[in-house]
Amino acid sequence: MNGNAAAKTQPGCQFASDNTAGACPEALAGFLEANEGCQLSYGNDAYTPAVADRLRELFGLDCDVYFVFNGTAANSLAVSTCCQPYHSVICADVAHLETDECGGPEFFSGGAKLLLATSVHGKLEVPSVEELVTRRTDIHYPKPHVLSITQSTELGTVYTLDELAELGTAAKRLGLKVHMDGARFANAVAALDVPPGEIIRAAQVDVLCLGGAKIGLPIGEAVIFFNRKLAADFAYRCKQAGQLASKMRFLTAPWLGLLSNDAWLKHARHGNAMAHRLSTGLQRLPGVEVLHPTDANAVFVALPEQVHRHLAERGWRYYTFIGRGSARFMCSWATALADVDELLADVSVVISAR
Amino acid sequence: MNGNAAAKTQPGCQFASDNTAGACPEALAGFLEANEGCQLSYGNDAYTPAVADRLRELFGLDCDVYFVFNGTAANSLAVSTCCQPYHSVICADVAHLETDECGGPEFFSGGAKLLLATSVHGKLEVPSVEELVTRRTDIHYPKPHVLSITQSTELGTVYTLDELAELGTAAKRLGLKVHMDGARFANAVAALDVPPGEIIRAAQVDVLCLGGAKIGLPIGEAVIFFNRKLAADFAYRCKQAGQLASKMRFLTAPWLGLLSNDAWLKHARHGNAMAHRLSTGLQRLPGVEVLHPTDANAVFVALPEQVHRHLAERGWRYYTFIGRGSARFMCSWATALADVDELLADVSVVISAR
Amino acid sequence: MNGNAAAKTQPGCQFASDNTAGACPEALAGFLEANEGCQLSYGNDAYTPAVADRLRELFGLDCDVYFVFNGTAANSLAVSTCCQPYHSVICADVAHLETDECGGPEFFSGGAKLLLATSVHGKLEVPSVEELVTRRTDIHYPKPHVLSITQSTELGTVYTLDELAELGTAAKRLGLKVHMDGARFANAVAALDVPPGEIIRAAQVDVLCLGGAKIGLPIGEAVIFFNRKLAADFAYRCKQAGQLASKMRFLTAPWLGLLSNDAWLKHARHGNAMAHRLSTGLQRLPGVEVLHPTDANAVFVALPEQVHRHLAERGWRYYTFIGRGSARFMCSWATALADVDELLADVSVVISAR
Amino acid sequence: MNGNAAAKTQPGCQFASDNTAGACPEALAGFLEANEGCQLSYGNDAYTPAVADRLRELFGLDCDVYFVFNGTAANSLAVSTCCQPYHSVICADVAHLETDECGGPEFFSGGAKLLLATSVHGKLEVPSVEELVTRRTDIHYPKPHVLSITQSTELGTVYTLDELAELGTAAKRLGLKVHMDGARFANAVAALDVPPGEIIRAAQVDVLCLGGAKIGLPIGEAVIFFNRKLAADFAYRCKQAGQLASKMRFLTAPWLGLLSNDAWLKHARHGNAMAHRLSTGLQRLPGVEVLHPTDANAVFVALPEQVHRHLAERGWRYYTFIGRGSARFMCSWATALADVDELLADVSVVISAR
C-alpha cells in the first residue's frame, strides 16, 4: 500500500452516521478467518449456512435467511416480495423508505407506491394506517398490501412491544403484510431488553431487514422471512437484482463474529448509552431542545445557529435539517465516550458565551 | 470467533471459478488500512476519490468511475444507461449477460431485450452483429442501441486489438454504444500485454465494467465511463438500484492495494499462466480435447466420462455442461502450481488406465 | 344485436364524469367514414397523418404527435419520456397523476417518484415547486426533472396565461421539463378564449397530453411533443407499452371530425356553460357552498347530507368525498340544459324543505 | 367531415394483415347501439358485464374476463400475471411475443425473459419445451414459469386437440402456467370445428388472450382467466398499465354484436376459406411453394423475385421476409373472393410468362 492511513482518517465525522465507523473487531475477525483458502461461491461456502442457523437460533423462530449488500436493496427487495406493482406500501412520513432510498422501492417493485402515514416521533399509529387503507377502495388507487415499520425509528425512538402488537394486529386485520426495516434493530433490542423474537412476534413481522453495517459489519444486511412462503424464489430475485455476492463468505462470515457472545448486543448497548449521555448532556444546556425521546442511538436536537457555526469550525460533521436549526447526532459501536464529552463541551462553550 | 477455519476450507473448489479464491494480500491490506477510524460514508471517504484517480491514470483516459457490489449490477446498470426499455442490446450467444444474469439486464433496464449474435470461440464478429441491426427496422422490434463485448470472453479467449477495432468501428457506424464486460479484463490485458487504455481505444468503449472480485478483491467491481456524458446522474441510478455502499471505503480501498505496483497485472498473469499450464498438460493426453484457445485464465475441455467420475471422487469441483461431457477449469491469482499438477495427474491416471 | 338499447341506458350518470357521455356526432362521423374499406395498420392509414397535420395547424407550432388509448397511458408515457427512473416529477397534491393513476407513472417510468406540491384550488404556485426542487440535492432523494401542470385542473379551475408563464419560467430556471396534463385542455381553451398555442408557449410546455375521450371521442388521447427531441423513438415506447393501435384509424379519424369547424371548442364551451349554470344555481341556495371557482366544466360543492340522500334516491350519480360532504358534478358536450335544471330543482327541493 | 373517404381508401392492403380490415357490421352495430345516452365509465356500463357473461357461456367454463386495448397489452399483462420478473416464459421461436412486441412482455413483467423453443411450422413440441425447463436449475438463469402457446400459430397452422393436450399435460407436469395467445383463436376454432372450451380444456389454459381486432372489432381484445386465482387484482394491473378504458362500452359492446348468432365464427370460417382458396391456387403454380399448411387464415409462400416486383407494381401490399423470398398473405372477415382471384391472377401472369 502506498497509502498513509493517518492522513486519511476523517476525525469529526463519528456522529455523522452510525455507518461512518469501520468494522467492529468481532466482524473483522470473521472476515479474516473467512479469507483463508478457497470456498465455493454464491453462498455455497462453509460460513453462510452457519450464519443462517445462528440467526434462526437467535430469533427462536423458523425463518429463511438471505444476505444482501445494503439497506436500500434489503428493504426494496423485501417490500417488492410482499406486493405487486399495482399495490401500495404504508410507511411513516419520515420512513427511510420514503425519504432516503431515491425511489428504490418503486424501482425494485416496478411501480408500487408508498402511502405516507403521519407519525409521532417517528412512530406509526393505528388510526393513520387504517385511514390510508380504508379511504379508497377503487382501482384508480393502488391497493395497500404492506405495512412497513422501522424499529428503532428514523428519529431514534423505539416502539414498545405493546405498540408493535397494536400495529401488527391492525395490519393483519387490514390484510397487510408486515415489513420491518431493522437497519437499527439491534439498538431496539438493546433498548427494550427483550429477546429479538419477541419483537417479531409482537408485530407479526413477515419479513425483517436486519441491519449489519450500522452495527459493525463492513458490508451487508440480512433479509429474514418469518413468513416463509414469501421466500419462495427469493434467491432468484436477489440474483436478478444484483444482490448475490460471488464471494458470499465476505458478507456472511463477519456476522458469525458479530453474533458470537452477543457482541452485536454489546455494541448496540454501547451506541445507545453514548446517545443517552449525549442527549442528557445537551438537555441540560439552556436554549437546546432535544426533539425526540432518545430511546436508541440517535439524538435529535434543536441548536442555536451560533452552535452550528462553532461545531463546523471545530470540524464536527452531522446532519442538519434546513430551516429548522435541528441536528442529528448518531452514535455507534465505535463512539468514544471522550468524543461525546468533547462534543458536549464544544456545544457548552457557545451556549455559556451567549 | 467460535469457528474453526481449518474445518471450513473447501479444498477442491479452486478450479470451480476464479471467485472461489479469497482476497489477495494487496487487496486485504487496503481493506485493513481503511478500517482504521471513522470515515464519511457513501464515497465521501478518503479512499474512493484516490481509487478513481488511480484508474484514470492507469487508463490514461479521462473517465468517470463508480463502484458497485457485483458484476450483475455493474453490467446491468451500465447497459441500462446506454439504452431505454424499448431498445435492444447485442451480445454474443454465450455472453454472461445472456446466460448467467437471471434476467438482470432486462430487470434493471425495464425491459430491454438482448439480441444474440453467433460467436466463434466466444467472440463476436461484425457480420453477425450487423445482421441483427439491419434485419428489422420496424417499431415492432426493439431498436438496437448497444453492443456488449466481453473481454476476455466467457470461453477464455481474448480479442486482439484488431478484432476489437473492427467491432468498435462497426458499432459506431451502426449507431451502437459499446459496453465492455470486463469481469476478466485484467486477464485480457495480461494476455495482450498492452496498456489497458489501448483496449478501450480500439473498441471505442463507452463504458467498461471492470472486474474486481475475480482478480482479487473481496467484493466489488468498477463501472468506468469513457463516454462521460453517459455518466450524468449515474450516482442516482446506483443509489436507487441498491448499489451505493454506505461504508464505501471497503469497496474501494482494496482497489488501492490491487492497483499498486501492478499487483493486479501480476495476479492476472499468474492466472493465465496456470491456465496455460493446465491446458497444455491436458492437450497432451489422448482422448482429451481442449475446446477453445486458452488465451486467458479459463480452460474448456472435453473429457471422457470416466475422468469426470474420477475427479468427482477425488473432490474436484468445476462446471460441466450437460450432455456435452465438457468441463471448465478456471485459474485465479490464488491457483497453486501444485494444484494444477495434481489435477493433471488425476486426469492422467484415468486416461492412462483406459 | 340482441341488446335492447333503451333498457341499457343509465340515466342519472351524466354528471358522474365527462366520460359518461358517448362519442359526439362529429367524432362518430369520422369513425364511420374511416370504417370504409381496408387501411394499413399501425398508423399507416390515410387518416392518422392528416390528424397530426391538423393538430400542428391548430397549435401553430411545430410538434410531433402520437395517439394512445387513454389518459393513464398518455400521461405516464409522456412523463416517462421526460425522466429516468431515479428522477422525480413535481405535481399538485390533487393531480390525477398522483391520485387516480394507480401508480401508472411509477410503473411506466420504472420507479420515478412523484413529489407533491401544495396547491390552491388545484393550482400549483412557484414557491412550493421551488421548495421541492431545492430542499434536497443529495443522491438519496430522486432528482426533480419534470413539472406536471394540469390545465384545466382537477378541481375545475383554469390557470391564466400569466400563472402559466410564471410556472413555465420557474420550471426552465430550475431545469425541469414541463408536462401538461390536458385531459380537459379543450375546456381550458374555451375558458381562456385564447388560441391553444398560447397556453403552450406561456407554460413552455415540452409535452402535452391532449384529452380526447372527455371532449367527445369514443376512445383515445394525443401526446404532442413541442420539444421534438423528446419524441425520438417515442413510437417504440408506445409499441412496447401496449399503446400502438393496430386499426389506428379508429383512434385518429374521429379527431378529424372533432377538429373540423371547431367542433371541439363548441363542445368545450357547452360543457363550461352548463357547469357555470349549475354552479351559479347552486350558489344561490342557502347551505350550499361552491368550493372552487367554476372556471371550466366541473362543479365542486359542499351539500347538506339530506341533499345527498335525496339525490341518490332520485338516481343521480356523482363523485363524493368521504367525510367532507362534498360532491363533484362534471359537465360534458352531452350535458342537457334540462338535466342541469332538473338537478338544480332536486337540490332545491331539499334545501327549501329544511 | 372535411375528409374524402374515397380518396382515403388504400386498395391493395387487404392481404397485408387481418387488421387492415375495418370493423365488421355486427361489431359496428354494437358500437353504434352503445353510443346512445350516458353510461358509467370504467366498465360499470350496461354492456361490459353482458359480454363477460356471453363469453362464459360460449366457453362453457367459469372464468374471469377483462377487456384491454390491444394484443401487446393482452399478452404482456397476461404473461406478467403468471410470473415474476426473475421467471421465464417459454414460447416458440416464431412467437409474436418474441418477434413483434418490441420487448412488451419484458417491459410489463419487469424483466421476465423469453426462452425460445424450436418449432415446427410454428408449433411447439414437448421435447423442446422440456429441454428448456430442465437444462438449468441454478439461480443464475430465470426459472421457467409459463408456457405460451399461440393458437392459431403465427405461421397459419393450427394445433390439434391432441397436440394441445400433450403440451398442456407437459406444462402442468413441469410446473408451468399455460398462456394462450389467441389473437386468431377464432380461426383456430373454425379450423378445428370444435366448441371453444375444448381447446381450453385440452391445453389446460390458465389464461387466454382472445383476439378481437383481427376478427372484426374496431379495437380491443379480451383476457380470460380460466384459472381464476390468477385474476385477483388484475383490474388494478390493467388500470396501472394504461389498459382501463374510460368509455369501456366502446371496447365491449362491439363484442356483443360479434358474439351474437355466431357472427365471429362465420367471419373466421370466411377468412380461413379465403386463405385456403389462395393457398390452393398458388400451390398449383410452378415455382411457387406454400411453406406451411394453410390451416387457418394465413398463407406463407415462396415466390420468384419477378412475382414480388409485379405484385408491388400492381399495388399489392403484404409482408415479405428478407433474403428468403417468402411472403405472407392474410385473409380476414372482409377479404373478397374477387380479390383473392385477382391476386392469384396477378401471380399467375408472371409465372406463365417465365
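Observations
The first chain written gets the first letter, and so on, giving A, B, C and D; residue counts start at 1 in each chain.
Everything that follows uses one rule, which is that a residue touches a chain if its C-beta (ideal position, glycine included) is under 8 Å from a C-beta of that chain, and two chains touch if they have at least 3 such contacts.
Quick caveat: nothing in here was measured; it's all calculated off a predicted structure.
Taking the CA centroid of chain B as reference, the farthest chain centroid is that of C. The distance from the centre of chain B to the centre of chain D, each centre being the mean of the chain's C-alpha atoms, comes to 42 Å. Separating the CA-averaged centres of chain A and chain B is a span of 33 Å. In chain D, the positions touching at least two other chains are 85-86, 101-104, 107-108, 110-111, 139-140, 142, 236, 239-240, 244. In terms of which chains touch, the assembly is arranged so that all chains touch all other chains.
Considering their complex, residues 85-86, 88, 99-104, 106-108, 110-113, 135, 139-142, 322 of chain B touch chain D.
Every residue of chain C that touches chain B in the complex is listed here, in rising order: 42, 84-87, 110-111, 139-140, 142-143, 233, 235-237, 239-240, 244.
Against chain C, in their complex, chain D makes its touches with residues 1-3, 5, 7-11, 13-14, 16-17, 19-23, 26, 28-31, 33-41, 45-47, 50, 68-73, 76-77, 101-104, 107-108, 213-214, 218-219, 236, 239-247, 249-251, 253, 256-257, 260, 317, 334.
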